[in-house]
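Take a look at the structures below.
Both complexes below contain chain A, partnered by chain B and then by chain C.
Entry: the complex of A and B
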């Protein structure tokens, strides 16, 4: 499922190109084959635990429900993956999720059609991404802080656009995006998530853009010396991340038929956790879009099991905290080697 | 002439003083720290404060910590350093705000809590709580559920953020209503959806998978109740499950009217805003005020919805 061979190959070639970076550690440990796939192991464990403890867990409907539930966070996490590969974050995705939905609904209220309103929402997201990218490139400041700033900015903009009220979509057909099903069982948003992951995986593995993304994460200086278009690629990564967050926001709006400024509350962290859980490094250069699918599915299965097993709410926080720590631990182990 | 002048000046001076005392210290400067501004109930509350502030000539400044308890503490401190006449706090975490409101109170600024109160330690530093009791709202919903289900059945609760005053009290209120009515209603699940409609949809979907039989759902606010309703509709289990919320926003009232939702506890947030400004005015002018100032809660059901429609926000 995950193209580790080419990933390792790329790692090797980039490391060789990078000045001052001697060969990686040669020692292999017993957990070597497992350590790259924390999320898959966790997923298998959760699936076994789920099927043993709940008789409804493994039903097709429940599994499809899980996919429907995660598709929105999944799309945000895909964008975050691209940025993480370049060793950058986007903390503004939470605000963009709300903002894109609000812009789309406002466009509908002002007489735009279904497609043009969606386009306006996506453009708004892309615009925020462009702003993030330009600010990071021009100021050279920490992307984490810059996007934290735009997060506040965009959130306040959303608040003033909505007057803190809930806005309702006005075109009934718009609901198809979030609630519609293909063949009577597969949600449109789930299909969109998987297709986007495949396209992104292709872009990352088979195009110059993708190679450049990985090289930026490994060793930006080396990439610059090799004549790669570092600046343009970074900018594209920011625009991509923000546009995907906007799409997620539009799908969420379509799903609940309404939107509020804080609709994406918490998604900046959840998307990073999902991507890192899948095996994309917090420190760039390692990971991929298909891995993020696994990370998001693990989070979805966990949330589903917490409800199915009626775990008390306080204990739920413990479960989530533990997964977060596991993610950090796995990532630092990967980095050490 | 000099004497005449003095004689005329006397009453004139006195009447000036008297007029002055009528409007003394008139306009309080109020600093409000919300718990999270992005909620329709807060929009209604702010509207109430702004309109009443116009009458009293008060100035109101708002801060929004967006449900972050740490941010709220630093915003209360910011308020304190601005030296307003009154600080109003809608607590995110009842305990976390105590040191900050103690500091404000020690700086001589009266503190009111609004909507969500602080704990017993914190109340030593506050003048009054203005709000609609979240416990009462939960109680009203509990009564509605009990009546609607005829005293027995299975209820699932979708809560706001874990540990927040409103979340804790609304569940407790509902349970107290069941107990007082010696009802045989069973609470089969209590799951958080963090005041998010989308999360409520997902949680409800999972609850529907887990429980083949659910008679009623209590969403801690109307957006979450409406989110749960979407999940119920998606699985075609409408009619089987009665949906309840708290707030009384327009969408929920409309859903009650067309039979999709069964009830909501109408929160008169606008009045909470109005009462807060009046209390702030009184405190500024040295009048004593009651320790607890409550706006009423009304039960909106299919039978009463027409009477309340105008109050829904």
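Entry: the complex of A and C
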């Protein structure tokens, strides 16, 4: 294995940093307590802005709808978070979301039961993750470009499997996953999102796997010298990310009982935005699953507000991109202080 | 053997072009090596080439530009959409827009200290949003027949767009190889720290590189708009992949400091011939996408393995060139 940290192109020049900027450590700045909670502040601001500008915004129904709308992206973003913590990306989640749904539906069409078809879909996702991980680890190549390539590869596979048509699920009970509600108001997919976030947070904070993920993000070389299983953990992170994307794709499919090849369009970008918005650093080693919940919710609330304010859908893309740049800029500024 | 690998690495694009020509020439029973098909290829690659040149310049300086696709599409939309104000104004506005995106990218990378591909991923998203908003997801069509000459016309047997590309090729060749600014880009791509200690302004070099990339993406956009005499939001969707693939085939490296403009030209040529050949042989669209994806993966992997090999040589005290 020839994988190296700087391969990701993230190594920044140390010589060019402005000198004399390290005096901040002596006294705490006023923003210090808020530093890692940009998303929470944004959320509060958005909630206040929303309640002032729209009557329907702060109704339980609307808020629950927001949660339902974001839960799928949320599950993708959880997987992306794990990978981001190791200082890596997965741009193939968009294609995996579509691919997993297609494989599941095809399995149902070919006579698989509900559980076995879901299992096949998940396995397909895990397989793509394994491919990504092996390609990146064995060649030491830039994960961003490799996964951009597998994204296109998986997409073309989905296209040829569906012949560019919409496929329909054949098992009626499959619908429960996407449309079912607990106690009559809480969607199954929302519960799944929160439960997964909790499990993942536990994995990241309380297990050797999780701690190793953080160590890879902080200082991979140190981790290697400490005898941690760096390679296996990285591979696991890739598989985890793709599997979660596959789960999201299966839930998405069950909402409408149908699927198309480009079902996950734009999710690679949105999931990174959500994770970074929540406070997971693009440079690895900082962040967590619960933070990603906040990031995803902020994104959902922002979209919802823009819709309620009758902003054209096209312009929402501009808002999303700008927020992303702002957050990334803040992230790299804070990292330098 | 090592020597052989070195030669292959340096001239891989030209060799690949040669191999593809032989392969398609022998399999496609007389449709490949015809005058009209060669003209077809020339036209097709001359639309992509400026963008790939820009990508190569950024890669040489150690950066990467993901935003070229949406910049190209937006430039095309501006070049068509602003034609009521005069074609010249429209084209100037399109080119200025590209330059502006490049400057923003440069500022994000130098002042904002954001990693290049993250910063350009952000601008890609914003520019795509601008494009969606500006066009309202409809396709625009041109009103000025004279405008179509740039992308569709020809002087003698040579397409005008190819002449534009060759002119750009000459200018960039001189710039990269024979000016202070151009050589500085190689130094920056090789090692920012070393360049900085050697008295090169790293920030300035990166600003120049990203500005060139933005402007050249806009040139591609204007040429495409002129060729189609229309613009749509679908333009440039696979441009980041295509341009990076072409530049890497042409000898550039993701780690920077390597490559050149002539290599980049051969890189575009290789991809152009490949696409053309696959179409002539009737390869299904899905398989074509898959093949393009695998090519990118293979190139990126080879690039990384080559770098690892050189690192090991350096560590063992062997100097390779």
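The rule is short, and it goes like this: the second predicted complex is superposed on the first by the 303 of 337 C-alpha atoms of A that agree within 3 Å, B and C clash if a C-alpha of one lies under 4 Å from a C-alpha of the other, contacts with A are read in each partner's own complex, and residues count from 1 in each chain.
In this section, a residue touches a chain if its C-beta (ideal position, glycine included) is under 8 Å from a C-beta of that chain, and two chains touch if they have at least 3 such contacts.
Treat the numbers as computed from the prediction; the structure is a model and nothing was measured.
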For this session: State whether A:329 touches chain B only (first), chain C only (second), both chains, or neither.
Result: second
Exercise. First (chain B), second (chain C), both or neither: which does A:292 touch?
Worked result: neither
For this session: Based on the superposed arrangement, let me know which partner A:271 touches: chain B (first), chain C (second), both, or neither?
Result: neither
Problem set entry | Touched partner set for A:153, first chain B, second chain C, both or neither | second
Problem set entry | Partner chain in contact with A:189 - chain B first, chain C second, else both or neither | neither
For this session: Look at A:117 in the shared chain and tell me whether it touches chain B only, chain C only, both, or neither; answer first, second, both or neither.
Result: neither
Exercise. Which of the two partners, first being chain B and second being chain C, lies in contact with A:139: first, second, both, or neither?
Worked result: second
Exercise. Looking at chain A, does chain C or chain B touch more of its residues?
Worked result: C
For this session: Answer with first, second, both or neither: which of chain B and chain C does A:314 touch in the superposed model?
Result: both
Exercise. Which parts of chain A are touched by chain B and by chain C alike?
Worked result: 155, 159, 312, 314, 316-317
Seminar exercise, completed: So, in the complex, the side of chain A touching chain C is made of residues 2, 4, 7, 9-10, 12-16, 135, 139-142, 144-146, 148-153, 155-157, 159-160, 269, 272, 282, 312, 314-322, 324-325, 328-329, 332-333, 336
Problem set entry | Partner chain B, residues of chain A touching it in the complex | 54, 56, 59, 61-62, 65, 68-69, 72, 155, 159, 163-166, 168, 179, 252, 255-258, 260-263, 265-266, 303-304, 307-308, 310, 312-314, 316-317
Exercise. So in the complex, which bits of chain C are touching chain A?
Worked result: 64, 108, 112-119, 121-130, 132-133, 136-137, 192-193, 196-197, 202-203, 238, 240-241, 244, 254-255, 284-287, 289-290, 292-294, 296-297, 300-301, 303-305, 307-308
Problem set entry | Of all residues in chain B, those that touch chain A in their complex | 36-40, 42-43, 46, 64, 66-67, 159, 162, 188-192, 194, 196-198, 201-203, 205-207, 209-210, 223, 226-227, 230, 234, 249, 251
